[in-house]
Amino acid sequence: MATATEDAGGPRRSAKAWSGRLAADTNPTLERYTSSLEWDRQLAAQDIQGSLAHSVALHRSGLIDAATKESILSGLTQVAVELRDDSFEFLPSDEDIHMAVERRLTELAGEPGARLHTGRSRNDQVAVDLRLWARSECLRLAGAAIDLQEVLLRRAREERRTLLPGYTHMQRAQPVTLGHHLLAYVEMLNRDVDRIKDCHRRADSSPLGAGALAGTTLPIDRRATAAALGFSAVTSNSLDAVSDRDFVAELTFCCALLAVHLSRLAEDLIIWNTREFSFVTLPDSWATGSSLMPQKKNPDVLELVRGRSSVPLASLVGLLAMLKGLPLSYNRDLQEDKRHLFAATEVTETSLSALSGLLNEIRFARRRMASAAADPELLATDLAEQLVAAGMPFRTAHERVGAAVRSAGELNLRLDRLVAQRWREIGLPADPGQCGLFDPRRSLARREQPGAPGPRAVAAAIRRAATLIRRSRGWIAAESQRQPPPPASSGSA
Amino acid sequence: MATATEDAGGPRRSAKAWSGRLAADTNPTLERYTSSLEWDRQLAAQDIQGSLAHSVALHRSGLIDAATKESILSGLTQVAVELRDDSFEFLPSDEDIHMAVERRLTELAGEPGARLHTGRSRNDQVAVDLRLWARSECLRLAGAAIDLQEVLLRRAREERRTLLPGYTHMQRAQPVTLGHHLLAYVEMLNRDVDRIKDCHRRADSSPLGAGALAGTTLPIDRRATAAALGFSAVTSNSLDAVSDRDFVAELTFCCALLAVHLSRLAEDLIIWNTREFSFVTLPDSWATGSSLMPQKKNPDVLELVRGRSSVPLASLVGLLAMLKGLPLSYNRDLQEDKRHLFAATEVTETSLSALSGLLNEIRFARRRMASAAADPELLATDLAEQLVAAGMPFRTAHERVGAAVRSAGELNLRLDRLVAQRWREIGLPADPGQCGLFDPRRSLARREQPGAPGPRAVAAAIRRAATLIRRSRGWIAAESQRQPPPPASSGSA
Amino acid sequence: MATATEDAGGPRRSAKAWSGRLAADTNPTLERYTSSLEWDRQLAAQDIQGSLAHSVALHRSGLIDAATKESILSGLTQVAVELRDDSFEFLPSDEDIHMAVERRLTELAGEPGARLHTGRSRNDQVAVDLRLWARSECLRLAGAAIDLQEVLLRRAREERRTLLPGYTHMQRAQPVTLGHHLLAYVEMLNRDVDRIKDCHRRADSSPLGAGALAGTTLPIDRRATAAALGFSAVTSNSLDAVSDRDFVAELTFCCALLAVHLSRLAEDLIIWNTREFSFVTLPDSWATGSSLMPQKKNPDVLELVRGRSSVPLASLVGLLAMLKGLPLSYNRDLQEDKRHLFAATEVTETSLSALSGLLNEIRFARRRMASAAADPELLATDLAEQLVAAGMPFRTAHERVGAAVRSAGELNLRLDRLVAQRWREIGLPADPGQCGLFDPRRSLARREQPGAPGPRAVAAAIRRAATLIRRSRGWIAAESQRQPPPPASSGSA
Amino acid sequence: MATATEDAGGPRRSAKAWSGRLAADTNPTLERYTSSLEWDRQLAAQDIQGSLAHSVALHRSGLIDAATKESILSGLTQVAVELRDDSFEFLPSDEDIHMAVERRLTELAGEPGARLHTGRSRNDQVAVDLRLWARSECLRLAGAAIDLQEVLLRRAREERRTLLPGYTHMQRAQPVTLGHHLLAYVEMLNRDVDRIKDCHRRADSSPLGAGALAGTTLPIDRRATAAALGFSAVTSNSLDAVSDRDFVAELTFCCALLAVHLSRLAEDLIIWNTREFSFVTLPDSWATGSSLMPQKKNPDVLELVRGRSSVPLASLVGLLAMLKGLPLSYNRDLQEDKRHLFAATEVTETSLSALSGLLNEIRFARRRMASAAADPELLATDLAEQLVAAGMPFRTAHERVGAAVRSAGELNLRLDRLVAQRWREIGLPADPGQCGLFDPRRSLARREQPGAPGPRAVAAAIRRAATLIRRSRGWIAAESQRQPPPPASSGSA
């Protein structure tokens, strides 16, 4: 979109909504400093949707006649077309997207344009725009999260038998499968989608009609406008309606926590992609090189997912610090909500897509993983638990097995190579490895409780994940129906 | 609680759970630096609840016999009593509350104590403790929020007819009532309670049985233990279960946003309490003085509510920054969750109580508020809307009324004192104030849409708030039933 | 600047620096996701300055001949011109500003362009670019802070005798002057400028020559290049040099604290601008109106200064959370530094300018301030101190004067109207107001210690401030000399 | 320290400093909520130091006689003794450490105690206490940082010839030495110490005498008191002096960035400590085990250093969000500064000590590191640079060497095993490895520019680090001289 500077001369004063009240031209520094167009032009579609619904309501209340309504509708459709195809010209005197649209509408439609702002204020207008935007962003974000869940689920299914050492403290701990590991992220994303749904529900009330802070004396049907815009309810207090940005903070928090989940997955993969681990290989199309070192093949996408996860956190701090201590009701500080919300959602969405793309093609080094998982120390706990099953107190079993591990280390032996005599000296059975105790596949087969990495438990988890994903898709489909149509769809430009 | 230092000598090495594996004594700096007792002793009750349920499960699975179970149960009850009456002695070698309880249990019960840690790890143990704590904290926090809602609702009912200038940009905007203003905060707290409920639902799954990261090979019934602890479900992935702190971050976010709401209310009251506004008077029992200036009477409680609202925000940053980039599964970094969660919830709960107490007794200066609300400029919008109702385009009406305001200002007149000729010159009716246009009560009576400040609308809002509060109380009552009993309740110390 | 999409076809693979190593084309999602052009094109001038100095160094070391150097220099100058006049065409395959400039240089200059990247990496290149940018941003930021100091100082000089109630806890406390109040902000800005200087000093080392992480085997004179770019020193460790973003975090912190200071000044003025205080009047050119309410005149600039002060704080969190836990040396996460730094500095600079503009023209309502400062309660402390000077213990004096204030309040009298008998009953002199005790001007005259609001002390503070400002200007002038010239200044486009 | 609750009865009202002014007893909720003793009792020593200096000043000004001064001095010394040996009894009515000390002093010394608060307010009192605390904390913090530098320097000296692969993007990049790697952290800590010095300088002004906000009418010599407390200057504006917390924010920022540095070092070591890297071994005394898995040996200290690095960041956010938008001058919100400052400094100091201890004893696996560094791909850049030195444009060299790496990879060969024909086909010399090109030690020997990892450069860096450390120690020694003596040192308890 272009910002015209040359034509800014002329009768600038009349361009401002408040030119009756204030005697002097606006200072140009003020004009630049207070303009919100850099951010709120992203709300153009929602602003026009809101105005379309509002003008229908004005007509139904008898505040404008049919011809005026038609002029406004066709004018707004034209504005929407200009915005969509980037032919809309912003003027320096356009303080924000709301005034820009109204100004252009009035140029196109004449006097009817001057009737549009009846019974509303920019305070409830921007609130409704932002709630429309947040509602549809919830759907986009959840959709991108589900896309990633599907990739994870597909890879988990393929790798449900791939042995992998599970780590705690970044130390090898017990054997799991790669499928089980990937499903942990499906779980995290389930919670993310759940939180987004809750946020959507709380954003789903129309503030239109709250006016500047105290409603309006004109007979406008708030519920009808809300329904036309697909809202489930109207807000319950006009002072709160214009100053509430909870849904912005909550959506940004959803992004921040989701992004933290992505950063953890990225970290796993970055570590697995080191030469030392070599658990994964990036396809060349998902790697980057170095400008200096000819041999390099770097996981930049993963590093950026990790690095950018701090963006929604930063946005959340910006929002909450901005809101803190604001008296009621609307204060201009609230304008700063968009900068933070848009950054948080944009980063989270693109990181989700990038990770989905990369995970779709990453290659898992099954042999390296299996070899690492074959370390018999990973089964020290199984040994202790076998002793417990035979009656030994756990703390005794733990101590003796620990001593065996230490002893093997001092002798520079693998645990399963310790001789019978040494086992006996420690107070343990002479050949604990019989019956396949040190076989990681058998260990997994012993772990079949809900949520455990055993093959049947993982198969059940895969089925459960598929069901949850299907339900989430269903929710998106149902909510999408309630979205108002894009403003220029009926346009015959 | 006392931390014994003198008796720390003796066979310290055997005190550690891992003394079999590691050959050397723990470095004392490490011991101090890694100890989490400063924070996790707050989880003592939950730790014992979890262990009680776990020992019942061990018995049911045949892993311990009845006598062992009974020894453990009565030993744990004794530990709970000691903790409750502050006679429990912590040792420097007690790394955390879990090891302290197990150590003391073993002192009291002998070998049975060494069997308690069968089939579990501190990783799932701390997760279950923290979820138990978070669940009950959700109820406490929601309870304190509802207490404040009730005070607000009572005062709103009393002040539903008290005129107050509504402000935007801290400038007088349109008349509202004090009742309407107070109800805005009831709305905010409704959302807070709603978010806490969602958080509670997501915290309400038992991780017990996830073990260190990969479940256990022993036959323990996860669902039975979960039910015994009042959980609705078991977690679905063992790797996720031990490394998930979403519920901690989410509860902290609930606190952060709630605290922001409190800070806004505090700011309103601090401003109203200035000599210049004089809209409220603090009772002497809710004010403080100055150590130097004899005349001072300060609203310290309100300032601290505002100042402390940054604590949950800080905690939230601490948590998310801690979680960012952690690889799966458990890492010791997670220990730092408690410091942040406890600070956030403690501040939010005490701020809620302090505000409830103060609001219960604060005096509203109705006459000052009414006098401020009588400013006829507050009805400039009513005038513009009256012109619109008579057919004038809103932008024209806005500009002309703005010019009238400017003109009155230049003449140093109240708007309703402008002479007929001046009104006409501007293009407006000669006596707009007739029919009570400049009477704020009449203005309110014209504002009866849902959520608006009109008397009937406010009466409806009061009824709605009462209903919502009742429902929230019902939820707390129902959930409280599911809490496990306090561990020492059956104690006969 | 335009981003060409249509011409992106052709032999795209060869456009990447690493096309030898990686066999496949880069995935387009990766290309979009990893591109840093949105942010780092702001470093174009610095990138070319760095390359100009580097090519001179390459020639001096014999790594390129004179003709190659000349080709590079004139090519780079041409690139600078294209960037300056917005005719530079970015390609989708331009990962960042560095590759965009090198790509265009090679188009213009041919093979010499392929020699420019000798002995350096993008890792040290972006570090030098960012340090050059930070150095000059320090000067711009300090300059804008000093501009505000000068406005504050001018207004303070004018208002050095204007009585104002000083406030603590937003309650009237003791009389000060408006000049003294404004000088408090001059002090804060002094510390800000001081911190910026320290930050500049730490940013003032050249990382060029650190290569990717381990320097270079080629004979390049780091100190000469550093000197050519106006750096005082070279960095001391190559691993640190490419991964150090301390100067970014520190500059962002300087912005965050500076912005907090601005937010406090904005808050003072917003409160003073309420109808209830009426201590200031905004000129119409520095106020904005309402789209709905015709009478409104709002202090939006001040609210935005306050609201935007959370942006540098958010940036700081983003930066530190990004840096936390990064292993050595360069990781791609570091790319996210620019987004945060640029947002923080841009907001801080424009807020400084906006406040300077507004403060230049704001009108102070001297009479209102003086009337508020005439409240005799503000002199209760003077009375207590007079009693102390006469030998009474302070705590006794404080208690008795407090009782007098309470008594006056109960009788609904001004403190100086309390009758002699009442004073005596409380144990105080019968007519404490004689000798002008309740005259705020005399109170000020008793407060002449360093930093106090007495007239001579304020006059001294004004002189001191003028000196500090002059010194700060001198520092900027001296440092500006060391800046490398703008890259296209010698261009003959 | 004990908090007595039982004796809190009696004439509670008289305990408050403001009991003259306010007619009612303080509400107990208010008392608990506003008490700052939990945090500010850490300022007890500073509070007494400040009061000692103040009472000397009162005497010198003639405001108290010699006997009164002596009573106060000996009373304060007694209070200091009680506080030091934990026999001081806090009462619930003690709002803060200042009132607690004054209350106890008055119990001990009688009427002289009631004269101590002459000419000062808690506003300047807490400011001076906190600045005294911050000054000495700067010295402690810098000392702990230098301790770590010394350990790093010692280990760097020992390991200056230990080959290590340098990493970028966590991919092996070029050979460095372990000594060079450790010195990178010495550099970071140098900047940290430098920042702490700057912060100390800005904290080093005495606010005493600023009173509540407007100085005092009594003749107190601010400069003498400042000198007695070891301050270099007095603050310049009384309003600023009582509301300035810049030094708190700045010290917390120093901690936050320092902690980020520590988190990076911890991350390096955690990764090196994985089985897959095995570059380090923790001594058993610096490792911990698992409660469940007998074989585990975990680097908990390192994980906590990493996890706790988010605490100072959280504190910083808490502080800046608390300060944002506060009007002048003192507001009670400022009380919340201590909670954040104390948490940040405590974590940073203990993390420094823990890392110093661990690094002192950690074992480096030189052979594993050397073997990893022997990978010939790490010398691909050397090869390209050798070609450049022979006249090939760098981009050509980079592309051809990259192709060789790719070719070797496809053939599953080490780069130095590629046959002559393949080298020639790619356009490179037939045997690039001659002259030891693929020998990492020779590569290092080619890297001797300032800051590079060559042996002579590292030796110079070691000398430089030693000098800087010596200078930092000298600064601490000099500043320590200026600290006031501990308050109870002259006590004859």
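Points to keep in mind about this one:
Order of writing sets the chain letters: A, B, C and D. Residues in each chain are counted from 1.
Rule of thumb we're sticking to: a residue touches a chain if its C-beta (ideal position, glycine included) is under 8 Å from a C-beta of that chain, and two chains touch if they have at least 3 such contacts.
The model shown is predicted, which means the values in this text are computed figures rather than measured ones.
Two chain pairs, C-D and A-C, are compared here, and C-D has more C-beta pairs in contact (counted per touch definition above). Most remote chain with respect to chain C, judged by CA-atom centres, is B.
Centres computed as Cα averages put chain C at a distance of 24 Å from chain D. Chain B and chain C have CA centres that are 35 Å apart. Separating the centre of chain A from that of chain C, both taken as means of CA atoms, is a distance of 31 Å. Within chain D, residues 17-23, 117, 123, 168-170, 173-174, 211-212, 271, 289-298, 300, 303, 306, 310, 313, 317, 320-321, 324-325, 331-332, 381, 398-399, 401-402, 405 each touch two or more of the remaining chains.
Contact residues of chain B toward chain D in the complex are 16-27, 29-30, 32-34, 95, 98-99, 117, 120-123, 211-212, 283-298, 300-301, 303-304, 306-308, 310-311, 313-315, 317-319, 321-322, 331-336, 339-340, 350-351, 353-354, 357-358. Across the complex, chain A is touched by residues 17-23, 63, 106, 111, 113-119, 123, 166-170, 173-176, 180-181, 183-188, 191, 194-195, 198, 202, 209-218, 220, 222-223, 234-244, 246, 249-250, 253, 256-257, 260, 263-264, 266-268, 271, 306, 309-310, 313, 316-317, 320-321, 323-332, 381-382, 385-386, 388-389, 393-396, 398-403, 405-406, 443, 446-447, 449-454, 457, 461, 464 of chain B. By the touch criterion given at the top, residues 168-174, 270-271, 273-277, 289-300, 303, 317, 320-321, 324-325, 372, 375, 377-378, 380-381, 383-384, 397-399, 401-402, 404-405, 415 of chain B touch chain C in their complex.
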